[in-house]
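Quick heads-up: structures coming right below.
In the two complexes below, chain A is the common chain; its partner is chain B in one and chain C in the other.
After this line comes the complex of A and B, so read on.
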């Protein structure tokens, strides 16, 4: 093999046409595979996803500036493929998961420790290659050496009402020298459960990958299935999907702004924000029959209509929300004691955000101008107008402001969509099933979700893979907390608000 | 800040009227608690929450019972940071193999008398995750359960009704 050189996805994709899902698909050899990984590290393209399916490894790559998305595939050789993480660290945990779940070896993977497999499963994942060695339960955290250093081990059971995960802090006095995360506690074998399932069954599972992003996951799953089957949802459904997605975003951003203030001990703002969130969820329940709008977006359309009274309820909600949220924002903006905690705390450099392809408020607060709704628009966003919330500060404060601005834009987007809404069917008829595949990206409140599916000719799932935005954000939390005091960890953590369940799948 | 505080004072309270304890919960508890129901706890429960593998949907609704609308603390329902301080273990999710030990240890760390509430459909029967190699089972397969609160996720009012039934039955 000739020595690989950093390769731009754009160079490989010239003159190739994208599928109906907007992704170009390309078979490549190991040299180009390594070259593309090097290109990711250099910033020629973003790594979107990495997965293994039967006899090949696949990498999703994106070049937002060129509106280019490409899925490259390399055949497995004796159950292995060249490690992407060797050249591009953002892929490290993805590849550790692949080893644990498939028994496929990313050749040259710098971190050989297990990730999803804690040595507890009585029977191996069905995706594991027959002759693959089972993983050992032993796990060595990275060593820290130095006078006066001590460790604080937190989790998997945390002090609050939160998901389980383990944080190992190495601390010098009050300052965090290193944080190392360990996850996999909520691994539920979702990809394996979806394999062989029919479209409707897998839809219910996809809606529960990360309950806080249930609308976004259902949306991404529906788009992937629809791309595979060339299935077009009706116009009313497209708008209702957008309305639900923005209501979900609103509910979380409002809540997290409050929760961040709570972690900085300004409890009154938290109380106001939880009231706002409750108002939003009640309105969602009134309009769509479920507070979190779970299972309301389905392949082919939506499972709940919005009545005229419902549309009025949303308008009324937006009016209340605008007043009440702006009151919170005013206090946040004017309280030096609050800003003392959030400004310059938990810094993420623009370079790190770029290298890890961090999406959502984590990326956009560190100058990474990426929002799926604008860069790779889908559904209603193709026809909607809004500005990207973008900040360069990279600290907790910048992440708060991105969220504040997204609350405002979500409200404006919902208003625009309500105006466009015309009567019509909610579902379209499913086209004839055929062996096919589809991929999709959706901007959840946390960032870009990637979903890909492969179907057989009986419309059953042969393969399912989802990549949560948290996969590229969690590693940055380790960097953000470095040099900060332990007491600011909750603040930093909440400003990220990554998903454990979405990451663990 | 001042204007926000004035607004809170003038607009009055957002809190809802206390709901009746859930009737299904009362029936299940009468059976589960039996004689234990006479424990002297006063009208207060310290709750330790453990996510044993949930999708996080249930956690969001548990959070909601602490908001000013449901205000769970007025009923003596208080969430605590340590199992050592807890009367009740509130468990969500299908219990994953990777969380099983942590759940067992949290339960073991609680002083007696202690009660377990399994919250959400996954905690009751693994929900959509039934049959996965990664799930060890429903909560009752791992530790004894006194009360189930069903739903995916159960809305805060249902959570409150279930927990109120627990307070009432235990302190009768």
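After this line comes the complex of A and C, so read on.
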């Protein structure tokens, strides 16, 4: 009798022990691989990441309810692996990226168009040469048919100072019939740059994947490296990392709330939030020597200490923040003209948020109860006490409220961590290098960042892969705008505030 | 003969006065907004500098632009300027009084708008098309309300000539007129929509997808853009002047007073304009922009107000007679 194909990752992982990074690693065959992809679509587990290494494809899966994280690997067969997207659409863009960047073919991938590769690279990797015809083909946007439909092309160059990305609207008058995104304009070749780099060099590269999440990326990278080397950072460093991560979250959430108000033309709230954000950034600069705290978290510890004066500056900042931000919240809550714009605009259904495993404010505003800090706690969060900001509305308003509540919880978390801070070393000594791998997840301000590394015995990176939360949020923006009007797109887009750079890597 | 010269002189002053102060009024509104946002704000003379800069700059025109695209800015400026010169500002009884007809005003502005909408679509960019279609939607809703407001005034004063309406309101015994209050509300709503202000449009936005007026003029640059900016600023002065002339005409030099009364009239007029511009700035920071389809309801409100106003004007006239 044939063994039934397991679709639940939990069933495969029974009796297996997780590595030091909390991930269970498992070699499977193609049949199980396809089964697990189906399980993702059924909602048995979330797809966390999908990447290829030298001769295998890997899939990160998570079951938050069971606190279970698994990395399954399937060997590549003649440069291909069975497509996950065939059964689970959330993987579609990940697989298109894999094909463009590595020349590995996801067998049965429903969407054959390019993604990262626009046919413009001066010297494409040899693995892509065979795809010359596909690379040169003009990009075909999905067709819409009907009387009076027309297209509006926006970007990649936008009027504001934002990152490049192309949006193709098919509209009927003002109503959006379909939105299709096209990215890849900020592709930097992060994975290729990290290949063969030493730990410190790669740390600087990881910190620059998406500048606004530099702390979160550095954090995730450091955790992955430390897991691979069984490297334990000192207690003070663990708390300082948490403080930096929460300051980063604070600054961006405050900024986003203001920016969303600005897109509804409520300029006063935007001005207040901008001032507040500047206050936060200056305090960060004063405490850690960099406004965005870039390169301050490094494998093994932190590169900047917090002085007693710095801790006082943060306490003072939190006091100012509490009054000023609550004033903004009051105005937001009591302005009917603003609520009229945000409530019921840009709806993301709970079902879609689950299917795409959308993290961060996008998921939590649509009832997906997932926050890496609570579901898979790391660093200081194991010992800290806070509640998840969860809303069910799924609209712009719900995403604003998730941010508002997270600003509050971040401030409380920083206070808790400052209290726990004791003097001590900032770095621990690096253990002896060995060929190993490690993965980590960190909750950035956008959502869960996944990073995995593989090291050789001289502590150089053989493989590096990072998955930005935006990868699972951008597709939902296309769904959120459906049934809305063109003029509400900027508001929806701002309420998502996905990363272009993080997505394009 | 001497009278004619004086009246012509007065009319010339008015024509160039509105042209001269229009950028300043826009500057005041921006400055007030900036102060509310706790910003320093650009100096009030900044719009003048911008205009000079634009005139000096090269004008980039799309390859497929027709003669319409090139000539529209001049025609739009001309129409708007004539319209602005017709609205009584500091004195009534000037040279072109006979032409200062409320209906002519609507026609001039309508012509300018039609030209702008056509020019917006001329080059064939998607944003120009969006802007033009939105502008026409707003216009079809705003124009009837505007006409009703003007007819209410005409009904009350017995003429459609604006200077005579103003004279009538100055000389008529002061009473609370419900119909005028309703007409004022309607006219303010129309003025906000026509001048592309919040909550209908945001003159300061960079988001192409939400623009109305700015989307239509996205392809313009250099002196063409200067003309269009100038016309927009003139239109703002026109609407504030119109509101002032119809609802707060006190202080205006009467037709028979002669040039001696002009300086006082001018001072009062300028104070009213500055106040109007400042109020506009304060209003704009206190409210969010509407969803595009809410604009219909907003302007529908203006129409209802104007309709009630004209109805009340009729009824009260019947009673008085």
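Observations
Criterion: the second predicted complex is superposed on the first by the 488 of 505 C-alpha atoms of A that agree within 3 Å, B and C clash if a C-alpha of one lies under 4 Å from a C-alpha of the other, contacts with A are read in each partner's own complex, and residues count from 1 in each chain.
Criterion: a contact is a pair of C-beta atoms (placed from the backbone, for glycine too) under 8 Å apart; a residue touches a chain by one contact, two chains touch by 3 or more.
Predicted, not measured: the structure shown is a model, and the values here were computed from it.
When both complexes are superposed on chain A, chain B and chain C sit side by side without a clash. When both complexes are overlaid on chain A, the residue A:44 reaches neither chain B nor chain C.
Which of chain B and chain C touches more residues of chain A is settled by the count: it is B.
With both structures placed on the common chain, the touch criterion links A:57 to neither chain B nor chain C. When the two complexes are overlaid on their common chain A, residue A:340 makes contact with chain C while staying clear of chain B. Once chain A of one complex is fitted onto chain A of the other, the partner contacts of A:173 are limited to chain C, with no touch recorded for chain B.
Seen from the CA centre of chain A, the centres of chain B and chain C span an angle of about 50°, rounded to a multiple of 10.
Of the two partner chains, neither chain B nor chain C is touched by A:34.
Within the superposed three-chain model, A:268 lies in touch with chain B and with chain C [touch as defined at top].
Applying the stated contact rule after C-alpha superposition, one finds that A:480 touches neither chain B nor chain C. When the shared chain is aligned, no partner comes close enough to touch A:407: not chain B, not chain C. When the shared chain is aligned, no partner comes close enough to touch A:215: not chain B, not chain C. Taking every C-alpha atom of chain B against every C-alpha atom of chain C, the smallest gap after superposition is 5 Å. Once both structures are placed on chain A, chain A residues 159-160, 268, 271-272, 275, 335 are touched by chain B and, in the other complex, by chain C. The residues of chain B lying in touch with chain A in their complex are 1, 3-5, 7-8, 14, 49-64, 66-69, 79, 81-83, 93-94, 96-102, 106, 127-129, 131-135, 152-153, 155. Chain A meets chain B in the complex at residues 118, 120-126, 156-157, 159-164, 184-190, 192-193, 201, 204-205, 208-212, 214, 268-269, 271-272, 274-275, 277-278, 281, 285, 291-292, 294, 327-328, 330-331, 334-335, 499-501.
Residue ranges of chain C in contact with chain A, taken from their complex: 33, 36-39, 126-127, 130, 133-134, 198-199, 202, 204-210, 284-294. Those residues of chain A whose C-beta lies close enough to touch chain C in the complex are 150-154, 158-160, 173-174, 261, 263-268, 270-272, 275, 335, 337-338, 340-341, 345, 485-490.
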